[in-house]
């Protein structure tokens, strides 16, 4: 499967690319229209702030192109961490900032009264699967995966939720809506289990080639 | 007092051990899986299919890493006699093979019939690595662990023989891999626990020798192994391993001879017969972790229904923790005084065990120790 | 439940791993990329690379190490040592780091923490705080690899760091570092109780029991250690199994 990992200046592209390659994809790191058109799958990784992420996507003139490829052409799409959050309608950081708006959801900060729960949510935590997603095939629930974030994704429609985690309260860590698959955790940093999830993503769509 | 498994004798200082609510350890639980949940018939079919994939297609059907000990001898025997493979038998020579083992090796390989390759590293280099790894890790056998697991992989790449058959699966003794899981004997496993956390590249800087002097310890690259489509697996993942039964087979069929070993009770004379350094290794383990080979051997027997826990406790109390006669040899080899040796070993203590350095019981000298020629070390 | 983390630290000098005591007397402890592969095979929770000889000339050596490590190791990686600008951070993150650590640069220009957190998000910014105990028992922050006294109180500085947007603090006791005689537990507890962000305790672990204390008594979200894995027969695997067996919430 030919995957384009979008380079929008937001963080660790190398790990995501290598992990996808190890999982069996042919990877190209790019932000060029032409490359996105040729891609069979698109991955939006990213670490960093929501506002910066949107700024960079706008600056690179990617918003419309991504809409074309992902929403209209329905290409398989994987959003990781910031890449998940940007798919929402709004992000809370620095006032209300608009995201890509592909999923009816908002991104809000963890807000705990005591310091028993530290923010950022940093480290390995248990992800409970919701329903049966092919992305988690071969893994037992809960699966311990790696997180590093201060904000989390709140979708309006709970039916698209495929994974949750307990941190203070239960919060959403993965959703799937048609061709759009979003993860709050970092599969490219979650060693064997993370690589399995990426391999599952590639296998899901490989047969359709 | 160390917490031990309620069924076997393995204590909490063992690497990778967990006790459940009944105090039963994770390794005993793995044994239950081995006995009750693995379809060994199906596994054997997998083995036959696997061997057929490689049979006749390469210079050799497979490589068998070999020491002359009970496990590798059985592996050669079973693969050649029962499954009809043509192997290249490969040995890494750590410098410490006992005379009886060398005779065993010659006798067995002549009887079975196989091509044989053996490699030994420059003793000056080995001595340096022994002292360094003892100081850093409380285990002087880095060259042996590394050589045994790297050299056959290098031969696989050089001779383009992709299939490598090791013997016992690690699930027999530890919980790094579970029964039912396919254990690939690969670089990940090597880095995980085999090489003490030290690669050849690390050692080169630590003892200040050029990497080329440690070439035999350099794990082949992932690319080279992928190029030959290397499969490196344990025979024990496909047939249920039983050391007592298997030792008897090689004694009967090949004339494999047992030997007396330091610190090991009668009835276990098939165990670790090949290595001169066994007694010292065992002693160091006892200083660090409060248990040694007798705990391990009796635990295996308990799991196989051959010994009761009470009998095991008696044996452990009687035979473990004695200072071996071979320690004098080791101290001379690496030029250490005994109190320095003890200080270093104690620095590697594994919580919560605290060894009493004033224990003075001594073990019996082995009958052949004086015949080991170490005059020129 | 969020697991407590065991984080090996690899100090880098001239492209080799080194380890010392109280920020001095460094010995070679191996090759960085192979060390990372070993830790990856041992499934460590995170790995930290700290370049202690950081300078403009050595920057490319560190980048090569990070890039090579990211090729085969898929575990979280924090990189630090001489990081001074947003550009430094961008390059390290693009090469394979997940978090970047700043120390001296943060003390010299606290607003840099805010700038970095705004740009990269708090979660990716780690501030390392090194401190020593003064003769009167109070404690003081040191920079420049433990050589320059700042007069700053580490508790006050930690509070400032958190409010400026750092995601995590690595708190190092220079006095205890490499001595393997235990963590500065009382002080760690003071810091972890005061802050809303995770704190990683570093400096002093000599036994597995020390690691447990750092988490349970010190309240740290994780423990960073170097000596115990380089100079003893303990491995991160043994450490995690020991902690689990002793009731500490860790990932196996």
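By written order: A, B and C. Residues from 1 in each chain.
The criterion applied here is as follows: a contact is a pair of C-beta atoms (placed from the backbone, for glycine too) under 8 Å apart; a residue touches a chain by one contact, two chains touch by 3 or more.
In this text the structure is predicted, and so the values were computed from the model without any measurement.
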Chain whose mean Cα position lies farthest from chain B: A
Chain pair whose interface holds the most contacting C-beta pairs: A-C
Mean-CA-position distance for chain C and chain B (Å): 36
Interchain centroid distance [CA atoms averaged], chain A/chain B, Å: 45
Where chain A and chain C are represented by their mean Cα positions, the distance between them in whole Å: 27
Multi-partner residues of chain C (each touching 2 or more other chains): 40, 72
Of all residues in chain B, those that touch chain C in their complex: 12, 15-19, 136-139, 175-176, 187-193, 195-199, 201-206, 222, 288, 347-352
Residues of chain C that touch chain A when the two form their complex: 1-5, 40, 43, 45-46, 67, 70-72, 74-77, 90, 93-99, 118-124, 167-168, 193-198, 221-222, 251
Parts of chain C lying in touch with chain B, wherever the complex brings them together: 16-17, 28-31, 33-35, 37-38, 40-42, 72, 207-209, 229-235, 237-238, 241-242, 244-245
Residue ranges of chain A touching chain C (in the complex, touch as defined): 9, 11-15, 18-19, 22, 47-49, 52, 82, 112, 115, 118-126, 144, 146, 148-150, 166-167, 186, 188-192, 194-195
